[in-house]
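Two complexes come next, and they have one chain in common, chain A, joined by chain B in the first and chain C in the second.
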Partner chain A sequence: MNVLIHDLIAYAPQILAGLENTLLLAAIVSLTGFCGGIVVFSLTLSRSRLCRSITEGYISFFIGTPLLVHLFLMYYGLPELGLRISPLAAAAVGFTLNISAYNARHLMTAYRGLDRMELEAARAAGFTEPETFRLIVLPQALRLAVPALTNQATQNLKDTSVAFLIQYKEFFSQVQEVAATNFEFFRAYLFTGLVYLALVALIVVAARRLERRIALPGFSA
Partner chain B sequence: MSFWDILAVLAAGAGITLLLSVACMAAALAVGLAVALLSRSRWAPVQRLLVGFTFVFRGIPVLVLLFLVFFGLPGLGLRVPPFLSLVLTLGLVSGAYLAEIFRGAMNAVNREEVLAAEAAGMTRAQGFTYILLPQMFRFSIPGMINEFTAILKYTPFAYTVGIPEIMKRAMSLTPVILRGLEVYLAVGIVYYLIYKACVVIFSALEKRFRIPGLSAQER
Partner chain C sequence: MPLIECENLVKQFDGKPVLRGIDLVLNEGQVKVIMGPSGCGKSTLLRCLNLLDPPTSGRILFRGEDITRPGVDVRRLRQSIGFVFQHFALYRHLTVQENVTLGLRKIRKMGSRMAREKAVCELERVGMYEHRDKYPAQLSGGQKQRAAIVRALAMDPAVLFLDEPTSSLDPEMSREVVSVINKLFLDNVTMFCVTHDAFLAKYISDSVVFLDGGAVLAEDVAERLFYDHPDPRIRQFFLGVIDMR
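The block that comes next holds the complex of A and B.
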C-alpha cells in the first residue's frame, strides 16, 4: 500500500487534473443532457406526427445502442465529415445525445402519471399549447421524474470513465498512467473504484436532499 | 468495401456478443436472485453486508470493475480469462440492480396469499415456490428487460480485454478501410437490431405468461 500512497502523492497533480476533467465532463453532460432531455420530451408531445415519429426514432436508437458506439461515432466518425474535434468535445456531444434520450424517456414516463383532466382544464381555461407545457406539464413531470433524473446523474458520472477509450484524459486514465509506472494495477483500480464510490455517495446524498426539498405533500406518482 | 460488406463483417461477431450477453444475463440472474432471497433474512449482519454489496456494485463503473478483474487480479496471482472477467463483472453489477428489482417485486406480492397458502397446508418452501416466486417474476419483467438490455449495451467493453465481438471487429476494420463513420454507424445498426430482437422476445415471453387481472399492487 505504501508504494501506492507514495505514488499518489508524487503524481498528485496529474491525478487531480484527471479528477477535474472527470467532474468537468460529468457536469457538462449532466447539464446539457438535462436541457436536451426537456427539448426532446417536448418534441414527443408535438402535434405533428412526423416530428413525433422522428423523435421516437431518435430516442429508440440512442437507448437501443451502446454509449461506446455514440462516443466512437463522434470521435472517429466526425473527422471524416471534416470536423476535427477534441476528445472532450467528442465526449460531450456523444454523451449529450445519449443522456438526452434517456432523460426524455424518464420525463415521458412521468408524464404518463399526470392527471389528464388538468391538461383539459388548462385548455378550457384558455392556456395555449406552449403555456400548458411550460406551466402545467413540465413542472409536474420534472417533479415526478426527480428520482429517475438523479439516478441518471450518477450513471453519467460513472459513464465518464468510458471517455478514456476515446483518449479523454479523465481520472481513470490518469490513475492507469500512474499504475503503468510501477505495475501496481490492482491497487490503482481499487483506488479508482473507491473514489467513484465516494463521488456517487455524494450525489446520492444531494439527490435525497433535493427530493425532500421539492416534495409537495400529497403529490406523488 | 460496401456498407453491406461492413455489416457482414460485424455480423460475424454478433454471435459472440450474443453468447456473452446470455452468459452475463444468467450470471446476473443468479446473483440477483441470491441477493434478493438473502435480503429476506432478518439477521442484521447479513442485511448490512447486502446493503454494502448493493452500494459497491451499483456505484462502481463497469469499465473500472472489468479492469480491476482482468488487469488487476493477476497482480494478486489470480488470472481470470477474458470471457469470465466480463461475465463476473456484469454478473455482479447487473445482479446488484436486479436484486433491487426482485426485492421491490417481492414486496408487491400480497402477503396474505402466502399466509393463506400456509394455512391451506403448504409448507413455507412450497408457499415460496408456488405462490411468491411466480408472481415476483411476473412483476419483475419490465425491470428485467431494462437490465438485460443494459447488459447487451455493456458488452462492447469486451473488446478492451480482447474478445473478438462486434466492437473488436469494428476496431480492426476502421484502420484498414478508414471510414469510421460508416463502420460505427453499422455497429449501431447491428446492436439496435439485437436490442429490438431482445425486447420483442422478452415481450412475447411476458405475454405468454401473463395472467389477466394480475398486476403489482401497492403495499
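The block that comes next holds the complex of A and C.
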C-alpha cells in the first residue's frame, strides 16, 4: 500500500494530467453528444421518409455496435482514407457520434410521452414546424428525458476509460502505467474505481439538483 | 358579409366519405353551432375549414379567397382562426400567461411587455387573471378551457372555432365555460362551435346546423330545431339530447 501511495505521489503530475484529459474528453463529448442528440432527434421527426430512414439507420448503427469500433474507425480507419487525426479528436468524434445516437433515442422515448393535442394546437395556431419543435416539443422532451440524459452523462465519463486504446492519455491509462512499474495492480485499479465513483457521484448530485430546479407541476419522467 | 363559405365540401379518409358535400356560410359576427350524432363529421368539418385536414374536394372561401387552391399561405390563414380543442391542449410546460403570450410574441411578433399586457387584459375578461402564474396541471377542467379560449382570443382571430368545448367537463365546470362563451356571443365574436351540449347551443347560437352522416340535414334557429322541426330524424335526435339534460 505504501508503495502505491509513494508512487501515486511521485507520479502525481502524470496522473493529474490524465485526470484532466479524462474530464476534458467527458465534458467535450457530453456537450457535443447533447447537441448532436437534439439534431438527430429533430431529424427523426422530419416529414421526409428518406431523412427519417437515414436517421433511424444512423441510430441503429451507433447503438448496435460497440463504442470501441467507433473509436478504432476514427483513429485507425480514417488514416487509410488519408485523414489522420489526433487521439483527442478521434475520441471526440467517435464518442460524439455514439452519444448523439443514444441521446436521440432518449429524446424519442420522451417525445412519446408528449400530448399530441398540444402539437395540433400549435399547428392550428399557425406555428411553423421548426417553431413547434423549438418552443413546444424540445422543452418538454428535454424535461422528460433529464434522468436518461444525466445517466448518459455518467456513462460518458466512465466510457472515456476506453480511449486509452487509441493512444489518448486519460486517467486510467496513467494509473496503469504507475501500476506497471510497481506491480500493485489490485490497489491501483481499486484506486481508479474509487476516483471514477467520486466523479460519478458529483454528476449524480448535480443531476438531482437540476431535476429539482426544472421540475414543473404535471411533469414527471 | 360572409367570412367563411364552403361549397360542396367533401372529405374522405382512406376512400371512406366523412363529409358528403357540405354547403355552409358563416357571416361576420355570427355564431353557428354544429350538432349531430357522434361520427357525423362535425369535428372533421372544423378541421377541414382551417385545413388541419385538407378537404378531398369542394371549395372553402375565407373572406372571398379560395383557401383550397394550391399555394395558399396556410399559416396566415390559421392565424386568423382561433381554435379551441375539446381536451384544452394547453402547453403544459408553460404557465397560463405564457400560454397566451407565446403566440403573441412568436407569431404576432409583439414585444414581451405588450404581449404580457394583452394577455393580462384577456385573462381578466374571462376571470382567469388570478390563475395566470399557474401551470395547466394546477387548473380545474373549466379553468383549463377558459385559458384555452383566452389563448385563442388573444390573437384577435377573425373567427373562433370551438370543438366540443364542454364535452370533457362536469356540469359545474361546463357552466363556467358556457358563461364565458356566452359573453363572447354578446360581444359579437364570430364563432363556429361543434357541440353535443344543447344548453350551450341554445345560449350562444344564431343558428344551429344539424349534421348527419356527413351531410347537412337542417339549419335553423335553436328553438325551432330543438322543439318544432318537421323532420322526425331531427326531432328524435333532439328529444334524446334535451331529455338527457
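Quick note on the criterion: the second predicted complex is superposed on the first by the 220 of 221 C-alpha atoms of A that agree within 3 Å, B and C clash if a C-alpha of one lies under 4 Å from a C-alpha of the other, contacts with A are read in each partner's own complex, and residues count from 1 in each chain.
The rule is simple: a contact is a pair of C-beta atoms (placed from the backbone, for glycine too) under 8 Å apart; a residue touches a chain by one contact, two chains touch by 3 or more.
Note that the structure is a prediction, hence the values are computed from the model and not measured.
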item: Clash or fit (per the criteria above) of chain B with chain C on chain A; value: fit
item: Chain B versus chain C as contact partner of A:217, first or second or both or neither; value: second
item: Contacts of A:177 with chain B and chain C, given as first, second, both or neither; value: neither
item: First, second, both or neither for A:20, with chain B first and chain C second; value: neither
item: Vertex chain A; arms to chain B and chain C (CA centroids, nearest 10 degrees); value: 100
item: Chain B versus chain C as contact partner of A:77, first or second or both or neither; value: first
item: Touched partner set for A:115, first chain B, second chain C, both or neither; value: second
item: Which superposed partner A:161 touches (first chain B, second chain C, both, neither); value: first
item: Which of chain B and chain C A:56 touches, first, second, both or neither; value: neither
item: Per-residue contact with chain A, leading partner among chain C and chain B; value: B
item: Touching partner for A:192 - first (chain B), second (chain C), both, neither; value: first
item: First, second, both or neither for A:126, with chain B first and chain C second; value: second
item: Nearest Cα pair across chain B and chain C, whole Å; value: 19
item: In the complex, chain B residues that touch chain A; value: 55-56, 58-65, 67-68, 71-76, 149, 152-157, 160, 167, 170, 174, 179-181, 183-185, 187-188, 191-192, 195-196
item: Chain C residues touching chain A - in the complex, by the definition given at the top; value: 50, 52, 75-76, 78-79, 81, 83, 85, 87-93, 102-103, 106-107, 134-138, 148, 151-152, 155
item: Chain C contact footprint on chain A (complex, rising order); value: 115, 117-118, 120-128, 131, 135-136, 139-140, 143, 216-219
item: Contact footprint of chain B on chain A as seen in their complex; value: 61, 64-70, 72-73, 76-81, 154, 158-159, 161-162, 164-165, 172, 176, 183-190, 192-193, 196-197, 200-201
